[in-house]
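Going by the order they are written in, the chains are A, B, C and D; count residues from 1 in each one.
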Amino acid sequence: MEKNKILLDVNHLTVNYELEDETVEAVRDVSLYIERGKTLGLVGETGAGKTTTALAILNLIPDPPGVIKSGKITLDGENVLEKSMKEMTHIRGKEVSMIFQDPMTSLNPVFTVGDQIAEALMIHEKLDKSAAFKKAQEMLEIVGIPGERAGEYPHQFSGGMKQRVVIAIALACNPQLLIADEPTTALDVTIQAQVLDLMKELKKRYGMAMLLITHDLGIIAETCDYVAVMYAGQIIERGTLEEIFNTARHPYTEGLFNSLPNIADRKERLKPIPGLMPDPTKLPKGCAFAPRCPYASASCIEEMPEEVHFGGTHFCRCNAYKNPEFRIEREDIVYE
Amino acid sequence: MKKLLVSLICVFLICGFVFAGGSGEQKSASAGEIKYKDSVVCADGSQITTGDPQAINNLQHNRLFKCSHNTLVSYNTAEAKYEPELATSWEWSPDLLTLTLKLRDDVTFQNGEKFTAKDVEYSYKRIMEMNSTASSKFVGVLDHVEVVDDYTVKLVLVKPNVDWLDTLALPLASIVNQKAIEADELKGPWIGTGMWIITDLEEGDFVHMVKNDNYWGEKTETRELTLRYISESSARLIALQNGEVDVCIGPASTEKSYVLEDPNLELIEIPSATCCYFAFNTSKGPGSDENLRLALAHCINYDDVILGASSGEGTRAITNWGPITYGYYDGFGDYTYDLELAKQYLAKSAYKTLTISVKDSARLRAAQIIQANAKEIGLTINIEELEAAALTAKSAFKTAEHESMIYTLGWNSYGDDASRAYGKGSNTNKATLSDDRVMELLELGRSCTDDTQRKQYYAEIQTLNHEHAWYLPLFYTELSVAINKGVSGVIWEGHQSHDYSRIEVSL
Amino acid sequence: MHRYVIKRILLLIPVIIGVSFMIYFIMDLAPGDIITQLVGEDASEEQIMALKHQYGYDRSVFYRYGKYMLGLLHGDLGTSYITKKPVWDMYITRLPKTFWLAVGASVVAIGLSIPLGIVSAVKSGSLIDNSCMVLALLGLSMPNFWLGLLLIIEFSLNLGWVPSGGFRGFSSVILPAITIGTGHMAVMTRTTRSSMIDVIRQDYLRTARAKGVSERKVITKHAFRNAFIPILTIIGGQLCAGIGGAVITESVFSWPGVGRLIIDYVHQCDVPVVTDAIIMTTIITGVIHLAVDLLYAVVDPRIKGKYSRKGIRRVRVKKEAA
Amino acid sequence: MVKEKLVSKQYRKRSRAGEVWHRLRKNKGAMAGLAIIIILALIAIFADVLVDYDTDVIGMTLKDRLQHPSKAHIMGTDDLGRDIFSRLIYGSRFSLSVGVVAVAIAVVVGVILGAFAGYYTGGIVEDIIMRFTDIFAAVPNMLMAIVIVAALGANTLNLMISVGVTSIPQFVRTTRAAVLTVTGQEYIESARAIGESETKIIFKHILPNCLSPIIVRVTLRVSSAIISASSLSFLGLGVPAPAPEWGSMLSSGRAYLRGYSYMTLFPGLAIMITVLAFNMVGDGLRDALDPKLKK
C-alpha cells in the first residue's frame, strides 16, 4: 500500500546525446519520485536537462542522438524503459500525458483541434469517430473553449487557446500523471495566470499527479508540493515547497532566489548568478556549479559532490556541507 | 565512402545487364494446312500523315494508297510494261497530245458510288488545283480532261510527253470520289476503289484498313491490314521478332544477321533505284570550277564511302541515273582513284576549300569520308549540317546558295525522270545545271518515240556529266525488308513504293 | 475562393498571348521554307506564288500572326500546313497517349519515391538512407534517352517481355513510364526526404507521440500530411512536364504523343501545329498549376485563408521619393 | 576565460567562404564530385594533348569499324572505325563547355533581371520582368530549347544559347526571391540613407548577400544543362558531326543497339558520371551554405 503511494519513481537516470564528434551529457544520475495526486516542480535554467528528464519518462527521447545510458523509470510499479514500442503507446496519453512548452508549434496545423483531441480518445478509449469527436467537444468545454470550435484548425486559435487545446488533449483520457513542460512560458502574463488556474483546477478535479517543469519560481510557489532543482543534468537540491523556499541549502538555489526582484524593496539591485552554465559536452570533473559558486573551494573543482540529506525529503548536492558548520549567508526574502 | 561504393555497384550493374544480353525466345513454327492470318501489320520508319492520295507524294504514303485506291493504269516493273487497272485500254493520238482511255464499268467506290469517267475528270482537276507536292506532276503537263462517255476519257496534254502513262500509274493519280469529298473534306479523300478501306488513321502511329468486300478485283484471305509507324529501326525489328508485325521495312544493316538467324524470318534484298550522289553547285563558287570538281572526283575512295555511309550495303554507282530508269548508260566507266591526277587538277583550280551541306546521318557520314579523302590532296572541306527544310530552301534552283551537297534521288523508271536531276529550274537539280546541250537533249528525249534514238540522247547526257563531273555518283542504296516467313503476295519495288494490297501471311 | 480561381485563369491569358507571340515568331524565323515543303522541289513558279499568297507568306509575319490570333480568338486553332488537318484534331489524338504516359510516370514515381523518401527521412543517416539517396542521385543524373535505350535492350530485346515502342495497350506504357518515372522519382524522393526531415523535427509530432499515437501513424498521418505540400508541387510540376510531352522519351519509344508531334513538325516548320501544341500545353500546365494550388488548401487549411483574401499575389510598396 | 570556452568551435574565426569550404570538405560525396569535375576539366583542357583531333577523333579507319572493346580500343570503335575512348575524351570539351557557357548566359541575364525585379518591387520594372519570366517559364524547357535550336539552326553556339535561354527564368526567380529577403535588411536601409546610388546598392550590397542560393542553383543547373544539351544532340539538334558530343555519340549508337551496345554504354556513362559529379557538388554546396538544411 505504501509502495503504491508512489506513482512515478525515477532512479539514477542518465541520458546522453551522442553527436557526431561530441557527447552531450544531458541528464546525469537523476532520481526523483512523485506520489499520487501530488505535484513536483522541476526548476532550472534552460539546458539543465529538465525536458530530457520528462521525455525519458515517456520514452520519447529522440533516438538518435539521444541514448538512455542507465537508470530505471518505474511507473505504477512497471519499468517504463523495458516496455515495447506498442506497450508504450498504451501508456502515453493514457497513463501519462504531457503538455509542451510552445502551444504555437505543438498542435498539428493540418488537423482540426477536435480531431486532435478525438485521436487520443479513439486510441485509448476505443471510441468510434463520432463518439470521440463528441467527447472532444466536451473536453474543449471543460478547458473553456466553446465546443462548436472543435471543427476549427489550430491557426484559428490564439496562443492561450491553443494551450488550452493542448491541455484538453493531455487530459482527454484521465491520465494519472501529467507532465507539464513549461506550460505557460510562451504565453502572455495575463493568459499565464488563466492557464495555470485551469491546470490547478483540473488537477484537483481529476486527482492527477503532476510533474511541472519551469524556470519560474513564482509558478512553483503557487502549484507545487515538492520542488527539485536541476543544474547541468543533475538534481542538486530537492525538498518540499517550504523546505526549498524557506531553507534553501544549495548555493545555486540560493542564487536563483537572489536573482528574483524584490517587490518589497524596489530599489534593491538584482543579484544575478555570475557566469553561464558549463558546456554540456565538457562538464567539469567536480561540481558543475563550482566555477560560478561564491563558496567554492579547491575540492569542489576536483570532487563530485554527494547528496547531503537534511532529514525527511530534503537533500542537496554540495561539497561545502562536508563542513558541518557551513551555512549559506541568507538574506531574508519575503516571497509570496 | 558508402555512397561511392553504392554508386560503383550501380554502375557495374548497369554494365552487367547491357552486356548480358541473351538471345530472344524462339518461337516454333506450326505446320499443317495453309491458313492465313486475319490481321496483318506492316511496320515502317516513316509516318503516314494523311489518307488523301493527292495531297502528298512519298514512299510510305504511296504504299498506303496502293492499297486503298486505284489508278487508271499501273506499271509492272518486273516486265517493264504498263498494265490496265481502272482503265482497260488506252490509245495515244498521233501527235502524242491526246490519250484516250476506256474504263472498267464494274467498279464501285468504297462508299457505294459507281466509278465513271466523271470521277477521273474530278480527280485530275482536283490534283491540278490542289497545289500540293503531287500537283507539280500534273500542272504544266495535263491541259484538260474530256469526258467522252461514262466509260471513256480523253486526256489532253500541253505538250507531248511519252512518259505520261508513268505519271498516271503513280499513286498520286489515284481516283477519288467527288461525293465523298464533298460530304467530308477530311475523310472523303480516303475513299477510293481499292481493296482496302481506311478505317482509322492516327498520324504518328498507324493506319488501319479493313478488306473491301465489294472490291472489283481478286481478293485476299487477309481481313485487316495495318501500317504501323515505328521510327527506330531496332525497335521495328524487335517488333517483327516478337511477332507484333509481319513486315519490317529497312532493318538496320548491322542487325540483318538477326533476321538471318531467326528461322521464322526472311530477309528480302531489293535492287534499289535510289542513287546517292555528290552535287556541286555549278552556277557559282568553287563548284563552278571544273578542275576542282575533277580533283575531287579522282580522290574519293568510293568503297569507303559506301562502307561508311551505308555500312557497305550499297552498290557502286557509275552514272547518276537510275539502274532501272530508261536510258541507263555507263559505258564511260569509273573515275580512277588517282591522288596524283587529283592533285594536278587541284593545282589548276583557284579554290582550295569547299563546303558540303548535308542533312541526315548517312549523308553526313559520306561527307565525313569525303572530307578525309580530300584532305590527302590538300583540299579542305567544311561540313555544314542543316535541317531538311533549311537545306531544301538553300539548295533550291533559284536560291542555290550551297557550294556542294550530298543528295539522294529515288529514280523512277521513265526516261524523263532525268529532268528532275538535270532539268533547268528543277529544285532537285542540285548542281544548278543550265547547260544548253543537256537541256536540248532532255527536250528531245521527252518527245522521241524512237527507242534507240531516245536512248542515245540519254547516254549523251550521262557522258557529259561524267566528263564535267557536275554530279559524282556515289552509290545505289541497297534495300532490305525483313518479313515473317509466311508473307506472300507483296510486290516489292526498287523505288520502295511496295504494293501490299494482296498481302497474305500463312500461319 | 472562386474569385481567386477566376483571377488565376484571367492571369493565364496574357501568358498565353505572350507564349503564342514568342513561339510564332521564333518558328517563323526558322530557316526552312514551308512552301517548298508543301509543293515539293519540282514546283513551278506559279504554284509557289499561289501558295505564298494562300498562306500569307507574301506579306509580313505580323499579318500572319494577326490572322492566326484572329482564328485563335474564334476558337479555331487553324490547320496544319503539312497535313491540312485541323491542328485540334491532330493534338487531341495525341493528348491521351501523352496523358497516359504522364500518369504512368507519375504512378511509378509516386509509388516508389514517397515510401523511399519517408524511410530515408525516418532513418536519416543510415545505410538505407544513403542507398536511397545515391539511387536518387543516379536517377537524377541518368539521361532519359540512355535509360530508355538500356530498358529496351534488356526488357524488350533480351527478355521480350514488353513491346519496344509505340502505343499498344498497357504493356507498352511500362518501359516509357519507368524511363520518365526514374527521373521524376529521383527528384521526388529527395523532396520527400527533405520535407519529411523538416517536419519530423516539429513539436506537434511529439504531441502526437505523447498522446499515444503509434510511430507508424505519427509518420504516415501526422508528419506526411504536413510534408506533402512540397511533394505536391513536384508532382504538379512533373505532370505538367509530362503533358508538354516527354520529347526525348517519346522519340526513344516511338510514342505517338504530343512531344513527338511537336518535334516532328518543328522539323517541318509547321508553324500552326507547333504554336498550337505549345499553347495547349501552356493552358493545361496553367490549369494543373491552379489545381495544385487549390489542392494546397485541401492539404493545409492555413493556405485556404490566403486564397479568399484579396490581392495576395503582390503587396505593392510605394517608395517615397528621395 | 569561461566565456571563451562557451563559444562553440563552429564560430571560431573563419571567413564565411572558409566556413563553407570547411563544411564542404567534410562531405565525401561533394569532394568526390569535385574531384571528378576537376579531372574532367583537366581532360577537357588537355584533350588536344591526350588525343589528336584529326586522326583519333574524327579520322576514320573503316577497316576497324564496329570493334568491340579490346586492348587496342578499350571502349571499342564506332561505325566509322573511330576509337570511342578518344572521342569520349575530346567530347568532354563539348559537354562541359556547353553546360558551363549555357549556365553562364542564364546567370548573367537571370541574375541582373532578377536583381532589378527584386529591388524595384511593385514597380513597372518588376512587372515587365516577371511577366516575361512567366511567359518563358510557361513553355516546358525542352520544347523551348527545341524550338529555339530549330529556328537558329543546329550548332554548338546555338545549343548553348537555347539551353541558356531556357534556364533564365529559374535564375530570375531565385535571384528575385533572394534579393527580396536581403532588401528588407537594415544595412540596405542605411546604405540608402547615406545616399549610395541604387545600382551600387544592388551590385555592391545586395547581390553579394544573395550568392548562396544562386551558387547552389548554378551547380545544379550545370548538370541539367549538360543533360539538356546532350538530349538535343541526341535529337540531332546539337553539336554538328563529326564533333564527338556525347549525346550525338549516343544517338549514332542507337542504330547499333543490338550487338554493339557498348556504343551507347560508354557515352551514356560519361554523361551520367559528369552530371552525377555536378549534382553531388551542388548537393554538398547546398548543405554547406545552408546548415539549417542538414540533419
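Going forward, contacts are C-beta pairs under 8 Å (C-beta built on N, C-alpha and C of every residue); 3 or more make two chains touch, one makes a residue touch a chain.
Bear in mind that the values here come from a model prediction, so they are computed numbers and not experimental data.
Between B-D and C-D, more C-beta contact pairs are found at C-D. Think of the whole protein's Cα atoms as having one middle point; the chain whose own Cα middle lies nearest to it is C. Centre to centre, using the average C-alpha position, chain A and chain D are separated by 53 Å.
Our note on geometry: chain A versus chain B, Cα centroid distance of 89 Å, whole angstroms. Averaging C-alpha coordinates per chain places the centre of chain B 44 Å away from that of chain D. Chain C and chain D have centres, each the mean of its CA atoms, that are 22 Å apart.
Residue positions 30-31, 125, 137-138, 150, 152-153, 157, 251, 267 of chain C are each in touch with at least two other chains. Shared contact sites, meaning residues of chain A that touch two or more other chains, are absent. Shown for chain B are the residues in touch with two or more other chains, namely 3, 7, 14, 18, 21, 232, 234, 386-387, 390.
Partner chain C is touched in their complex by these residues of chain D: 29, 121-123, 131-132, 134-136, 138-140, 142-143, 146-148, 150-153, 223, 227, 230-231, 234-235, 247, 250-251, 254, 257-258, 261, 264, 267-268, 271-273, 275-276, 279-280, 283, 293, 295. Across the complex, chain D meets chain B through its residues 28-29, 32, 54, 58-60, 62, 65-66, 79-80, 150, 153-155, 236, 240-242, 252, 254-262, 265, 269, 276. Chain C makes touch with chain A in their complex at residues 125, 202-215, 222, 225-226, 299-302, 305.
Chain contact summary for the complex, chain C toward chain D: residues 14-16, 18-19, 22-23, 26-27, 29-31, 124-125, 137-138, 140-146, 149-150, 152-153, 157, 194, 197, 240-241, 244-245, 247-248, 251, 259, 262-263, 266-267, 274, 278, 281-282, 285-286, 314-319. Interface residues of chain B, counted against chain C in their complex, comprise 2-3, 6-7, 10, 14, 17-18, 20-25, 47, 49-50, 52, 55, 57, 131-133, 135-137, 139-140, 186, 202-205, 228-232, 234-235, 238-239, 241-242, 244, 386-390, 392-394, 396, 420, 426-428.
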